[in-house]
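Take a look at these structures.
Both of the next two complexes hold subunit A, though its partner changes from subunit B to subunit C.
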Partner chain A sequence: MTKKESGKARRLRFEIFRYNPEDPESEPHMQAFEIDEAPYMSLYIALNQIRETLDPSLQFDFACRSAICGSCGMMVNGRPTLGCRTLTSDLPEVVRLHPLPVFKLIGDLSVDTGTWFREMVEKSEAWIHAKEAFDPQAKEARMDDDLAQAIYEGERCIECGCCVASCGVANVNQNFAGPAGLNRIARFMMDPRDQRSDAEWFEVVSNSDGVFGCLGMMACHDVCPKELPLLEVYAYLRRKTLVAAFAGRS
Partner chain B sequence: MSSELISTDVLVIGGGLAGERCAIEAAAAGHDVLILSLVPPRRSHSCAAQGGMQAALGNCVKAEGDNPTVHFLDTVRGSDWGADQEVAQIFTEEAPIAVRELAHLGVPWTRVRGGKNSYVIKGERVEIEESIENDGLIMHRDFGGTAKWRACYAAAATGHAALYAVDSEVVRLGITVRDRAEAVELIHEGGRCWGAVARCLRTGKHFAVVAKATVIATGGYGRIYGQYTTNATINEGMGAVIAMNTGVVPLGNMEAIQFHPTALAPSNILVTEGCRGDGAYLLDKDLHRFMVDAEPAKQELASRDVVSRHMKQRMRDGKGVDTPYGPHLWLDLRHLGEQHLTTKLREVWEICRDFAGLNPVNDLIPVQPTQHYSMGGVRVNKDGQAYNMAGLFAAGEAACWDMHGFNRLGGNSLAETVVAGRIVGRRVAEFVATSSLDVQTGLAFAAKASAEQRAIAWLGRSGAGPSVYAIRNAMGETMMGKVGIFRTGGELEEAVAEISALLADCDKAVLRSKAPGMNPELSFALRLKGMLRLALVTAKGALLRTESRGAHYRSDYPLRNDAEWLSRTLARWPADAAEPEFSYEPVGEIDLPPGHRGYGSDERIEMTESLEQYNDGVYERQAKHGRLATAELPGSRLRRGDWKELV
Partner chain C sequence: MPVKAKNSGTIPTVVSDARRQLYYELVSGASGLVLALFMWGHMVLVGSILTGERGFNWLAEMLEVYYIAQPTVVVILVLFLVHAALASRKIPAQLAERRRMIELGKGLAHAGRDRPATASAISPLQAHVESRLWIWQVRTGMVVLVLGSFHVILLGIDVLTPLFGERPGIEALTSVARVKAGLWLPYAILLLCVEFHASVGLYRLAVKWGVGRHFSRRALHIIERVLLWFFLGLGVVVLLVLADVLSPPLAFLLTGPAT
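Up next, the complex of A and B:
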């Protein structure tokens, strides 16, 4: 039940960033819409209601609407978060919505996270580097369940881009791996199935576009909808990098 | 070639698990592959699969004695004998390989912990000693309708983990993906498919892709049920639509719609069957565990069709919890404990917190059965080759392959995506290796022009016609209200009439926005007619099938009727016809004779002919319905009689 359910329904005012790059007459501006709040109303419900009843040209992205697919990252009153799991009952009566920064704008609240994340995966080669090909006849290699759970912890990232949008460095340095990129690197680094050497990892992560580009402002840690332990992730990467550096010297 | 015309060896429509796994197989064989995806592939609906992937590895104590034959028995019984048994056999044999391959690609499967483990089984907490020998192998959890613990899992994010691993492989192989692109029309001539016309969802511009082979892997069509589905907004069934729009490719068993017992009420967000697999209870408003009385043998873990019916009946009997959104029942996870809920069911715990403000450690979870899965789809042979259309393939939920028949077991669909992806991908690669791109570009440009014309026509309409969203909402109400869990002839007739009227309305609908670019309203309008046609085929198929089988339950024909309906529905919509045409083919060669499923009703109308008579000439009869030749002889993979030592 929403917190405001017992009282009279609120009138919500949405101020939404509008710009359609495909329309030569479109100029970036804010546009206001008003709707009545309903119980359980999320931004998924509210934005669809606005599109279907007030302005059918409004662009935004939702797919799973259950905080799993990562499509609906947006700035809600200045803070990046997932629209689908943001309940209006947790927001003031005036809600300002902007597209995520860093990513290329497609239109209104819709941004191109797909291209950004594919480039990140390509650059950091975020896949298992196995020395041997898969053997369909063999039983699976064993893994300790604690290790599987530790890998799973980092695997949970849904690439919504909220951390990237919140990151001061990613906002000014296009080559920075970004919090989600560093998390993905750490996830493969701790996976024994990925057989990259310390020296190879050092190339990927030990530079100003990698973990040493992070200024430690840690907005990423605060905004991550999946509550990934990014602080621990960076500490892990720095530690591994230093060990590799010392090993290289001796 | 211009940006308006792209050529490739293989065009894969859909960037989920089935499409991507298929693409990998074709690319690894050296072919050029292009994937079109509505969304960045990692946002495909495969990522929402939660609880597990069925594969008979037999790694834990409660999985001892499991093997592909036991899995085959469960799958065919689950299908209520509607499945193609050879396909079920192929699937269960290859599922262990596919799961292990995912481990190789990086999926962090939950592993066996050797030593004492504490589980909740049929309402009792029990301690079981897992052998040290199996420590570190892939672990299983229990799921509905299975004889053994078989579902392999990564917490409650199994689909997410599998999709990321497979997509990583797609990137590693350098496969081109065009995201925000939607296939809107197949390019075909004389029973041969040559690619598709697509619409860019960034710019609204159309482009043509000519290809030697085309694969439809677009998932299910749950959104014809409007908001009454666990499916993502992108599951609008457009793969089935473009196949049907060829006029010759049949859709199989479209009336076979699965309703998942536990969607969160009222938002209809999925809560995995893994909850009940791990020991959760279903309770009515009096907090009574009604499934123990209803299904003493399997309790909460009968198949989904059976559990959903008991739940619906319970609510009809006034035992639901009434709310302004309608009644619901409770899912009780409290006895599983915080440690379990925040690790092995972590995503469920998060969904309850984020979408209902509840903590399943202390709170009961409101649930209701909701549309979840499409057993039906583009009818294909065991190679994934579509009926009546050479060069067109389909895999995953978009296809009717058909291992699920009239009810799919939990965890079998996620496994199907990667198993079918491997197998169909191999067949696609073979097909492409022996064919050349022998197509006139004029054919592609004509298809592109006709797709463009449809968009122009929508934008050109004016006046005060109905809105596309109003039509969609009405479709959803009709489908859930009259083509739902319990069906009757009278209601189905009403549904057919209502959907037909909506089809007529669709031709009068008017857009409120003429915005240039992708224009979200236009994008949806372009899908609406196809969705209504799928809805009509589903409703009419349900009306014609006067029996109850699996998820298709007719209150006026409550028995499974093996004498008359041991068949697969095929629906074609011939070009320019006002209505779809229905025909029926044999389900395939039957090895395991029809019998009791082990749960649900044991009453049925028996076959009148012998199995030998049924099987005689079965493949020739399927060929008459459009089944094309397979790489290996039909029936070659059936291990006839292997199941006999197990029953």
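Up next, the complex of A and C:
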């Protein structure tokens, strides 16, 4: 099967989703390409080779090729992941590639994640809400190291959209905040510089478009290329709803 | 949220939507937890049939004489319906939405299947089964709703009326007769669905509310599997005894000089 065989290179068959929404003639279909596997070949290298040698019209996104820019998310044999950090040696000989669902299709494997993430950020107002005016002369308030680390964990999200694509709820409910959205909300809830109250957050989080929309399928956590602790994020949000609802209410 | 009334300070309005959603979530989780724990306790009690008819009858009578069984039947029926109503609010209504979820779950489960031995630890292609487990939880939940209702109503009649057997209450003789007459089939299906639904449900509940901070998810998954197979195994043996296929394996416990 896919075991590394010494010496002989495998012949890889890529079945790639093709569709150009801009072209009225274009029909969605799968197209197969075959290339020889090279040592340490990533999907980034493979797709570029296909475009250079077999079909220059193939559309896909890559920028940094080191799992930082988040543009090469795609469905690889039914699972969302980054093309640049997926080695063909970890895959079977037949590789099926689809664009990420949920997001707007640009063409073939290329999708527009930016609009989705911008809407999410605007809806949850994912920026620091301070009550006092900013004083550039004042010293920065100190922050506990553990807390700073926890906030940084959330900030590590590269917005590739793999979690959103893997989420059953995000796939069927356009209004759901989605894994990346909930992670973003939790990041600002944790931040002491953000002065939105628990009660304000409660209205945002405690509903079926917020954390209670989550079914606990856990796919987002398993597919996240940055291995963000998403399950812990949701548990944190759930516990915060309890605190907001019942603390100081006796 | 409080609103200002014209002249009389603040008055509380109806429960805010956010608060209601929290209640739904809490009650659906808590009712699931209670029902799962009840199920396992119930299995142990029914397991008294393994000691023979005498042990089973004695236990059933104790629970009825002290009025434990009667209110339990009613409470469990109510919890059962509440849980069904609240848990089902998360099932997508449209067939196309369900199809999408099934397709997604299948893809995620299959992607890891071809994972070669050479795959590194950071390989993004590990097996993922939980999405599929959720879909099966919905399916088993539907089966439990139908067969479980039937069972609770049947046993409710048995406990509260003298319709079955010689007196109001559960007796080994009538139970065995019922199972032997053909109820073994729906009961076998119910057993499989209940045990799956309960153990996967508790696993998910634990992960959702962050028990995973103290236990790793892997550990929780193993606990889930152990509970599932233990109660499934116990259930199968109990069902075989009730169907009169197997003689009570623990009957020796109650034999002896006692009358």
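By our rule, the second predicted complex is superposed on the first by the 240 of 250 C-alpha atoms of A that agree within 3 Å, B and C clash if a C-alpha of one lies under 4 Å from a C-alpha of the other, contacts with A are read in each partner's own complex, and residues count from 1 in each chain.
The rule is short, and it goes like this: a residue touches a chain if its C-beta (ideal position, glycine included) is under 8 Å from a C-beta of that chain, and two chains touch if they have at least 3 such contacts.
These figures come from a predicted structure and were not determined experimentally.
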| item | value |
| --- | --- |
| Contacts of A:Ala126 with subunit B and subunit C, given as first, second, both or neither | first |
| Dominant contact partner of subunit A by residue count, subunit C or subunit B | B |
| Partner chain(s) touched by A:Arg85 [first = subunit B, second = subunit C, both, neither] | both |
| Contacts of A:Ile158 with subunit B and subunit C, given as first, second, both or neither | first |
| Which of subunit B and subunit C A:Asp194 touches, first, second, both or neither | first |
| Subunit B versus subunit C as contact partner of A:Met75, first or second or both or neither | second |
| First (subunit B), second (subunit C), both or neither touched by A:Ser166 | second |
| First (subunit B), second (subunit C), both or neither touched by A:Ser208 | second |
| Subunit B versus subunit C as contact partner of A:Arg238, first or second or both or neither | second |
| Subunit B and subunit C contact sites that coincide on subunit A, given as residue numbers | 1-2, 85, 87 |
| Subunit C-touching residues of subunit A, taken from the complex the two chains share | 1-4, 75-79, 81-82, 85-87, 89-92, 101, 166, 168, 171-172, 202-203, 205-208, 212, 214-219, 222-223, 225, 231-232, 234-236, 238-239, 241-242, 245 |
| Residues of subunit C defined as touching subunit A within the complex | 16-19, 21-22, 24-25, 89-90, 92, 94, 97, 100-101, 104-108, 110-112, 114-120, 122-126, 128, 130-131, 134, 204-205, 207-210, 212-213, 217 |
| Contact footprint of subunit B on subunit A as seen in their complex | 1-2, 20-23, 39-40, 42, 51-52, 55-59, 61-71, 85, 87, 106-107, 112-114, 117-118, 121-122, 125-128, 130, 134, 136, 138-145, 148-149, 151-152, 155-156, 158-159, 188, 191, 193-194 |
| Touching residues (chain side subunit B, partner subunit A) in the complex | 39-45, 47-48, 57, 97, 99-101, 103-106, 108-113, 135-139, 154-155, 157, 160-161, 164-165, 168-169, 171-172, 177, 179-180, 202-204, 232-234, 266-267, 269-270, 324, 343, 347, 350-351, 354-355, 357, 467, 469, 511-513, 515-521 |
